[in-house]
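Report on the following structure.
The first chain written gets the first letter, and so on, giving A, B, C, D, E and F; residue counts start at 1 in each chain.
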Amino acid sequence: MRLQLCAWPEVEEYLKTRGEIIVPIGSTEQHGPTGLIGTDALTAEMVAEGVGAATGTLVGPVINVGMAVHHTQFPGTITLRPSTMIAYIQDYVNTLAGYGFQRFFFINGHGGNVATTNAAFYEIYAGYTATAGAGAQRSNRPEPRCTLANWWECDEVKSASRDMFGGREGSHATPSEVAMTWYKFPEHIKTAPLDPPLPPSGRFFGAADYRRRFADGRIGSDPSLATPEKGKRIYEAAVEGMIAAFKTFAAAA
Amino acid sequence: MRLQLCAWPEVEEYLKTRGEIIVPIGSTEQHGPTGLIGTDALTAEMVAEGVGAATGTLVGPVINVGMAVHHTQFPGTITLRPSTMIAYIQDYVNTLAGYGFQRFFFINGHGGNVATTNAAFYEIYAGYTATAGAGAQRSNRPEPRCTLANWWECDEVKSASRDMFGGREGSHATPSEVAMTWYKFPEHIKTAPLDPPLPPSGRFFGAADYRRRFADGRIGSDPSLATPEKGKRIYEAAVEGMIAAFKTFAAAA
Amino acid sequence: MRLQLCAWPEVEEYLKTRGEIIVPIGSTEQHGPTGLIGTDALTAEMVAEGVGAATGTLVGPVINVGMAVHHTQFPGTITLRPSTMIAYIQDYVNTLAGYGFQRFFFINGHGGNVATTNAAFYEIYAGYTATAGAGAQRSNRPEPRCTLANWWECDEVKSASRDMFGGREGSHATPSEVAMTWYKFPEHIKTAPLDPPLPPSGRFFGAADYRRRFADGRIGSDPSLATPEKGKRIYEAAVEGMIAAFKTFAAAA
Amino acid sequence: MRLQLCAWPEVEEYLKTRGEIIVPIGSTEQHGPTGLIGTDALTAEMVAEGVGAATGTLVGPVINVGMAVHHTQFPGTITLRPSTMIAYIQDYVNTLAGYGFQRFFFINGHGGNVATTNAAFYEIYAGYTATAGAGAQRSNRPEPRCTLANWWECDEVKSASRDMFGGREGSHATPSEVAMTWYKFPEHIKTAPLDPPLPPSGRFFGAADYRRRFADGRIGSDPSLATPEKGKRIYEAAVEGMIAAFKTFAAAA
Amino acid sequence: MRLQLCAWPEVEEYLKTRGEIIVPIGSTEQHGPTGLIGTDALTAEMVAEGVGAATGTLVGPVINVGMAVHHTQFPGTITLRPSTMIAYIQDYVNTLAGYGFQRFFFINGHGGNVATTNAAFYEIYAGYTATAGAGAQRSNRPEPRCTLANWWECDEVKSASRDMFGGREGSHATPSEVAMTWYKFPEHIKTAPLDPPLPPSGRFFGAADYRRRFADGRIGSDPSLATPEKGKRIYEAAVEGMIAAFKTFAAAA
Amino acid sequence: MRLQLCAWPEVEEYLKTRGEIIVPIGSTEQHGPTGLIGTDALTAEMVAEGVGAATGTLVGPVINVGMAVHHTQFPGTITLRPSTMIAYIQDYVNTLAGYGFQRFFFINGHGGNVATTNAAFYEIYAGYTATAGAGAQRSNRPEPRCTLANWWECDEVKSASRDMFGGREGSHATPSEVAMTWYKFPEHIKTAPLDPPLPPSGRFFGAADYRRRFADGRIGSDPSLATPEKGKRIYEAAVEGMIAAFKTFAAAA
């Protein structure tokens, strides 16, 4: 049910009975010495397709570049400025809302996207109020609903991670996310020294600050624990958790 | 220590030994039938001044209009679009960073500001990376650090609220925030029917959706429990909690 | 009648018979060695509240950061870029216009705001024309009216200033404005050498140019003449002058 | 000395000894039943070329569309939104400043441009301060200087107008400006009923308000008094006045 | 039929039977050692006026500054950033579309404008879709149509150029365009060494790259072949070609 | 060599000897009754990966939503406004340029992207000129080079298409592009009536105009001729053509 793999009359048909769409959103950013730069987009897309397949819901094209300013001292990271990302999400949602899509379920693979994506949702809602100028309030189109669900935060994933990785999950370049990409792309499993095995945790500010604190890019994580098999388990937990969240969102009054 | 009440040579002097500034940030939005429209800005400002006085830290002018799109079907609410608010915070911080202010501690009175304010911080940090264009990377000014602390989320306030309001605190137009404004502005205590006494809770999306769900503007709160005395207790708890958070932020490596 | 101190049903009630709102607008910028950085916002707010009280008119939250680019070589000044300020005023007015506010009377404390604020008014009006895009012309909301009144330019203030300060009023960090803040905040009266007692006057361009010409920030003014008592007289003159201007604006066909 | 009629090596040569440029700025907007829509741009350009010729100063291409939102209920008017006009002037000045142009003398033909053009100047100056972001303060290019001179406000023009048109000059579609275009374009002299001969004066707000007050577009003016001969006199007065203003600007420390 | 030389009632009358307008669009940029900096705007305007006269069509004010980023290492060039130019064209077209202008025929004098102008057209069209936000789709104004025609690309001009200049036409500072300006402004014919007589051709990227490749600004052209007489022939060919293109555009279903 | 499948130290290593990156850029838009909505992104990505593999060049994440305003009356199309797309490409390129990527080879799958993408390139180049403000010219980073290559326009593809589809290729929802997606996604081959078999060709303007002219979305194309085998041939031709174009770009002085 990838939107990209439909023809437009199929979408027209879908909209006769459905108003939901799933939007995978990730990032293109360093994930430590062994994690893939595309991890956040690849995992979001995997999970989104799993949820789409299980629930018969259309899945829009992945938003593969996100808000990764703090990772930009590691070559290969790409970031949008928050203001650019807001405009991007606004156009993405507004175009689809024009056809009758009403509920946008974003499945997110990157913590750094949370603030900006939520800001974008309110930029969209503002378009339905007087704040947007004289014309807006006359619209007879109802406001769309947008929500963001982080796949790594559902109970199913937390439990599986705790079980397999315990205190070595960390918060960036985690064994969970690395494992999930290795499950999907086994030919891209990488090995490299992880020194120290368990790097420091903690908060950070801009890009220079991040690099100074987290020398190889990891935050409190030990991705050497990742295996494709564990990745499969995390993936399945994430899909299960996101299905539940999606159903709640879709059914809400 | 309000910046507005200093003369510029005092600021020059301050910067010889200090690099922190506290920024109160709130909103102008409905707070139910009895809460003040300015609640979030007034409480943020009160707490910020308390923290500034206790720690000898400058307090910048309050950001009194915030991100309140979802409240715009209640007359009197004013909102910025998230994109406007990002530009505003960017200018506020960048100007001060030009003099040598390095750590910006935002004391926040409004949950709706969280996402947009954090997005703004990364828009600022982006200005120190290649993303901002050719000139940015040559700067020899260090990145500033910005953080946002919600006064109502510190343990001190949570504990006092639980003690006094139990399950009737809710999440908008709460007795805690209403009480704090009544402590400060006893001549503006209002009475009006609250029907039902305890309104529904739950999440919401845009402005029309909000109004439909929360008819008088409150979310799960019973502000009839507010009194000036309880407001004093909440205020003192908030100042205490924010002092601790500020000190941690200011002292961090 | 501060909007911030109302509850939303009071605003709803107000709008049944009234469509005016007063908006104090100032700046956060150096005012010489003895003037408060917040002078322009503080005086605008004082006068606005005086006019609001006398005429029973709502007063919106103060716009306390303005267009002060030329003061940014004096630590403590904060400025918005004109483009940011236009977006800010646009959102402020458009949100309120959505409820039925129709006449916006800005009471201004800072000469540097005049051009940008007037530009903002036309950005708002443009939202009611074809220039704003396809949707705008279908609005059935009437255009709001916005006007800007500089409190220091009314005859009442000019006369009082001439009387008390003669040729030593100058045009920035004036004894009039300094006196008014001392009347309001007597605990923040400052003393510092003013050398020379009467600094040069003249025009200026950007921030570097301003600093080069006006070494301590004053332009042609001698704020050593300020006293709280004189401040009271200026304040009362300003309120009187602004009441007259407001009434003309509110009554116009 | 029109920039458009130079080859680039001539500009390179000019910059060895000179740093000034004159920029004519006008508008494309209704000027009553008999005035040309291009009046403000055409007169600004005429005067600018006169001043350029007399002082050996380069004259940039005319900015022929300006801020005319309030005229947009009269067919043929074109307007920029203020935010667009600010970006336009910013690019115009910044590009030229990159070659070493340092003083920009705008000769203005339209009152509606004043606020937005001055806002644009400060948007440019802001680019030389910390407000513009991390990179800006490292520039070793000095700030340019920009000023705006309204040709109709110099004493020379005021005196000639008073002499010829007395109380029938008005403030839009004036006999002075209409006469100046007829002097330049005698083949485009138009006749049409002017009813009433002397229309009302007064202030206005947005486009709908303007049209309601000023039915044929004129404000307090009687352009039936215009003749090509009188236009020549106004033109010569304007050039004389602007030469003086330019010289003061160019010579200032 | 220049819009600037009409009074507004003439435009109102025109719109009763016509919906087309011609918009000349050029640039202010170096054209080699002997070509005029205004070449692209001057030629576009000449051709536009010729087409307007022949077809009885209104001609809007020339857009005389365009997208010339790559020429900005030659003093005298002015450029808009593409984003500024898009906003400018959007405002220009949207204002006129508000009166009923429906077909916008841009006659272009500068290859560098093509991409940005076409992008601007789609920014305008987007204003009539859901992408522009909630209000847009309710418009009952039909979408305007915009097209861009490069005068130098019509068969008539290509043939005349081939005939007179053969392989020495090149692609910037061409004898065709230089000749056309000399036909119009014979008093501004310039002479300067052209060394080598035939400079290199080829593609380029940014401004530094352009200057490095094309030392005196020309690309593959020998403007020493230009004469006013040849300019007249090119001009007439361009007008003829553009009349045909305009008629096709105006007549299309 | 997908950037998304590298770890950051691999990118660091790559940049020691290489400065090129390939960027696939497509669209999410209707492709007639049988073509996939993702056709343009999917084909661009396929070809980019083929070129990357053959030349050992990194391939960035696909830009899968492009400029498709004119397709927005067919459900499922998503579009960016040109201004959003410019900001997006700017951030994408600028971030990577910060690490030392110098040559950006965009492989494009959608004609509608051409203008906006080229405009974006000049917005990027403008960042290296005075137009971008005071800081820009001090950069010691060289300008990056960006180019856009349309895979369907190389001789190899044109020849294969002519051979297989003759006059039935058309210009949107072409058998070539449809075949290529069927070669890649054989499980998504669709059948639907194509009526008429060969729809009209011709130009178009905005979205409403497009839909009126091209009822089922195709322009002059007969995608019933598509087969996976023909898709393989087109794909291989496209890769071959793009390899040649890439090599020329990478090798240029």
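To be clear about the criterion, a contact is a pair of C-beta atoms (placed from the backbone, for glycine too) under 8 Å apart; a residue touches a chain by one contact, two chains touch by 3 or more.
Just so it is clear, the structure is predicted and the values come from calculations on it, not from any experiment.
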item: Any chain that touches chain D and chain A; value: B, C, E, F
item: Classification of the chain D:chain F interface as same or different, half of numbers criterion; value: different
item: Where chain E and chain F are represented by their mean Cα positions, the distance between them in whole Å; value: 28
item: Chain centre separation in whole Å, for chain E relative to chain D (CA means); value: 24
item: Distance between the centres, which are taken as Cα means, of chain E and chain A, whole angstrom; value: 45
item: Of all residues in chain D, the ones touching two or more other chains; value: 72, 79-81, 83, 87, 91, 95, 98-99, 128-138, 143
item: Chain-level touch network, classified as line, ring, star, complete or other; value: other
item: Pairwise chain contacts, counting only pairs that touch as defined; value: A-B, A-C, A-E, A-F, B-C, B-D, B-F, C-D, C-E, D-E, D-F, E-F
item: Of all residues in chain B, those that touch chain A in their complex; value: 67, 69-70, 72-73, 79-83, 86-87, 112, 114-126, 128-132, 142-147, 205-209
item: Residues on chain F engaged by chain A in the complex (per definition of touch); value: 2-12, 15, 28, 30-38, 41-42, 60-62, 64-65, 72, 74-81, 83-84, 87-88, 90-92, 95-96, 98-100, 185, 188, 190, 192, 217
item: Interfacial residue positions of chain A with respect to chain E in the complex; value: 91, 94-95, 97-99, 127-128, 132-141
item: Chain E-touching residues of chain C, taken from the complex the two chains share; value: 129-138
